[in-house]
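Here come two complexes built around subunit A, the first alongside subunit B, the second alongside subunit C.
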Partner chain A sequence: MLASLNRATKQYGRTEGVRDLTVEFPPGEVVGVLGLNGSGKSTMLKLLAGLLFPTSGDVAVFDGPARAQRARVVYLGETDALWSWMTPDDAATFMVGLYDDFDVKRYGELLASLAVPRRRTKAMSKGERGRLRLAMALARDAKLYLLDEPLGGIDLLSREKILQSIVRGWHTDETILLSTHEVAEAEGLFERVVYLREGRIALDATAETLRGRGKSVVQTYREVLG
Partner chain B sequence: MKGFKTLLWLEFRRNGIWAAILIGSLAFWAWGLFQVRLVEVSQQLEVRAILLVLASAIGAVVLALMIGRIRSETRGGQFQVLLLTPPSGYVHIAARYAFAVATAVVYYVAVGGLAWWTIAMSGLPLDAGSVAQLTLAVPFYGLGITVLPLLAWTLLLMVFIAAYRVSGPGWIPGTVMVLGTPFALRWLIEGIVRASYRLPGWHLFGGLEGAIRQAAAQSNGELDPIAVLPQEPLWIMLAVTAILLAIAGRIWQEVEG
Partner chain C sequence: MTIERTCPIDMNAGPIFVQIANHVRQMLARGEIVPGDKLPSARDLAAGLGVNPNTVVHAFAELERMSVIETRRGLGTFVRGDAPVAAMRRDMLRTAAAAFAVEATALGVSTPEALAALKEALNAG
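Our next item is the complex of A and B:
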């Protein structure tokens, strides 16, 4: 198994992020992690990235503690986390120096296809910064990609470019966990969908199973979470 | 090593402006020292010494603020990016610390240079050995017993607070650490005083004996013509610094984002 949570609970003081969460992610899946605000999507992805430690239960990635596997996992957080002075070239220097799996050629191609301007992030729009962060993430050759709201607050055309890049860059041995509120746009990507409600799994099903029931991912979203 | 170099480059890009402003502020201090010529002659050396002490103290505060800029990065999300990079916490701490120390060395050696200039302006004769001691030995000794442990402590404090930010109230451990520091410092200083002068001291400014006697006569004070620096405080504070940095590096690996 590539990654798993076993009865994982995460508490922020008295607030619960996720509760008693058990789920496994094998290699080669594109998984949609869907839920309303505060349902535990980000907490789950952060636990898998090793950015959070479970209050109880276990989180394993590549059969080890999540934080210890950080060199092999790509995590794209929802916050706009780049230094204001950073240009795409600076970002390349940063990534090349810290990640052995960073592919400069692929990064250049992604910058071009995502139309990222060659200026400081301070002078970029939110969409441009989002595309730069995605280029940095997808230019790595990892087996597990954790993408938390990469489409949040980004214009329609940029969202389309981002989704296209995710599809183009995906290899069959890689697993992508994508959390988004843009369910209708991303629906076509998902092979499996994990619906979260109040920190627990409300439904975990393949897209094929949902289609077999005559439901789309969006319809099921409304049914399960509405 | 590649990771360390990249993190050092990142520090340069993050804090280069701070370092440049700090080092640039020496021009202001030099101007201030020069203006002291308008003060009565008997008070000039004293006023200049006060200005140099002030420059050193403000420099230490600025350096501590520079190295402790973790809070804004935790809010902005950059700290989370760093937490998930492959280098260990020790490498991150080492890079942050190395850049701050490099800035401190440049700054305090330059302050030592200003002290030399001050003495030269007073018309006191300076031999080459004493100049080297004034501009290198004294700044490095001062750095070792004050600024280096201060920076390590600041770094540890900020990492300690960050470690409790997500899953608990970070202000509690922060307050405990800040309040506990004076007691720890008192205990440490008492220990240093007890241990000092057991090892041979370092003699400084032997060549400046005549000049210092002259300065003592000018200020009607009694100055020890030859300064003897005990070496124990330096070794003890360097050991404390290493321990603080090691703890900060270990805690970094437990910080959540």
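Our next item is the complex of A and C:
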């Protein structure tokens, strides 16, 4: 198994991010992590990224504790922490210094296909910054990509470009976990969908199996979480 | 080759791999592609359609099983020279006829009336 949570619970004070969560992710899957706000999507991804430590239970990545694997996992968080003075070229220097697996050539290709302008981030639109952040994440050569709401709050054309870059960049041995509220747009990309509700799995299914029963991932979302 | 532009994907209309395979068969039956034509790579088609590459691979496997396409190592995927185009055209015509028959029956029209309407539509089309 590439990554797994085994009876993992994460509490923030009195509230629970995820509760007694057990789920496994083999290599080579594009997984949609779906749920309403507060359902535990971000907590699950942060646990796998090693950015949070479970209150109880285990979180394993590449057969080790998630915390020890941080350098080998790509995590794209919800918050935009780019410095305003940074240009895409500055971002490359920054990423090369941080990660051994950052591929500058691939980054250049991603900047082009995502149409990221070569100016400072303070002069970029939200969509352009979102595309830049995605290029920085996808230019790393890793086996596990955790993308938390990469489509959140950005325009339709940026969302389409982002989804296309994910399809083109994905290798069959890599696993991508992508959380999103833009379920209708992204559903074609998912092989598997994990629906979370109140920190637990409400449904874990293969997308084509759902559609084989005549129900889209969106329709299933309404039925399972509505 | 315009599969990525013409293939409609409806998330509520069953598995995507079936929709892609049906669309390729339909394009062949209509003569929009012909035996010997090269198909786009699974990755290009997947990116164009916004679907998972494995879904396209699955659709291609289904078309290979139906003797419609073949993969030539290192060259890509092609419509087979002996792809059963005539049979697919017959199948699709029958399917369309059956759908028309269902509608005509639901409307309660007689067979001559239905046939007359069909002839008229064909002449107009």
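Quick note on the criterion: the second predicted complex is superposed on the first by the 226 of 226 C-alpha atoms of A that agree within 3 Å, B and C clash if a C-alpha of one lies under 4 Å from a C-alpha of the other, contacts with A are read in each partner's own complex, and residues count from 1 in each chain.
Assume a residue touches a chain if its C-beta (ideal position, glycine included) is under 8 Å from a C-beta of that chain, and two chains touch if they have at least 3 such contacts.
On a predicted model such as this, the values are computed, not experimentally measured, just so you know.
After superposition on subunit A, the partners subunit B and subunit C are accommodated together without colliding. For subunit A, the partner with contacts to more residues, out of subunit B and subunit C, is B. In the superposed model, A:Arg106 makes contact with neither subunit B nor subunit C. Of the two partner chains placed by the overlay, only subunit B lies in contact with A:Thr79; subunit C stays clear of it. For the three-chain arrangement built by superposition, the Cα-centre angle with subunit A at its corner and subunit B and subunit C at its ends equals 160°, in steps of 10. When both complexes are overlaid on chain A, the residue A:Leu51 reaches subunit B alone and has no touch with subunit C. In the superposition on chain A, A:Ala71 makes contact with subunit B only, while subunit C stays out of contact range. Once the two complexes are laid over each other on the shared chain, residue contacts for A:Arg197 go to neither subunit B nor subunit C.
In the superposition on chain A, contact of A:Glu187 is made with subunit C only, not with subunit B. Of the two partner chains placed by the overlay, neither subunit B nor subunit C lies in contact with A:Arg120.
Here the smallest spacing between CA atoms of subunit B and those of subunit C, following superposition, is 28 Å. Residues 11-13, 46, 49-53, 55, 67, 70-71, 73, 75, 77, 79-83, 85-86, 90, 93-94, 96-100 of subunit A are the ones that touch subunit B when the two sit in their complex.
Only residues 2-3, 5-7, 9-10, 13-14, 76-78, 80-81, 83-87, 166-169, 253-254, 256-257 of subunit B touch subunit A when the two sit together in their complex. Against subunit C, the residues of subunit A that register as touching in their complex are 30, 160, 163-164, 167-168, 170, 172, 184-185, 187-191, 208, 211-212, 214-219.
On the subunit C side of its complex with subunit A, the touching residues are 9, 11-17, 43, 46-47, 49-55, 58.
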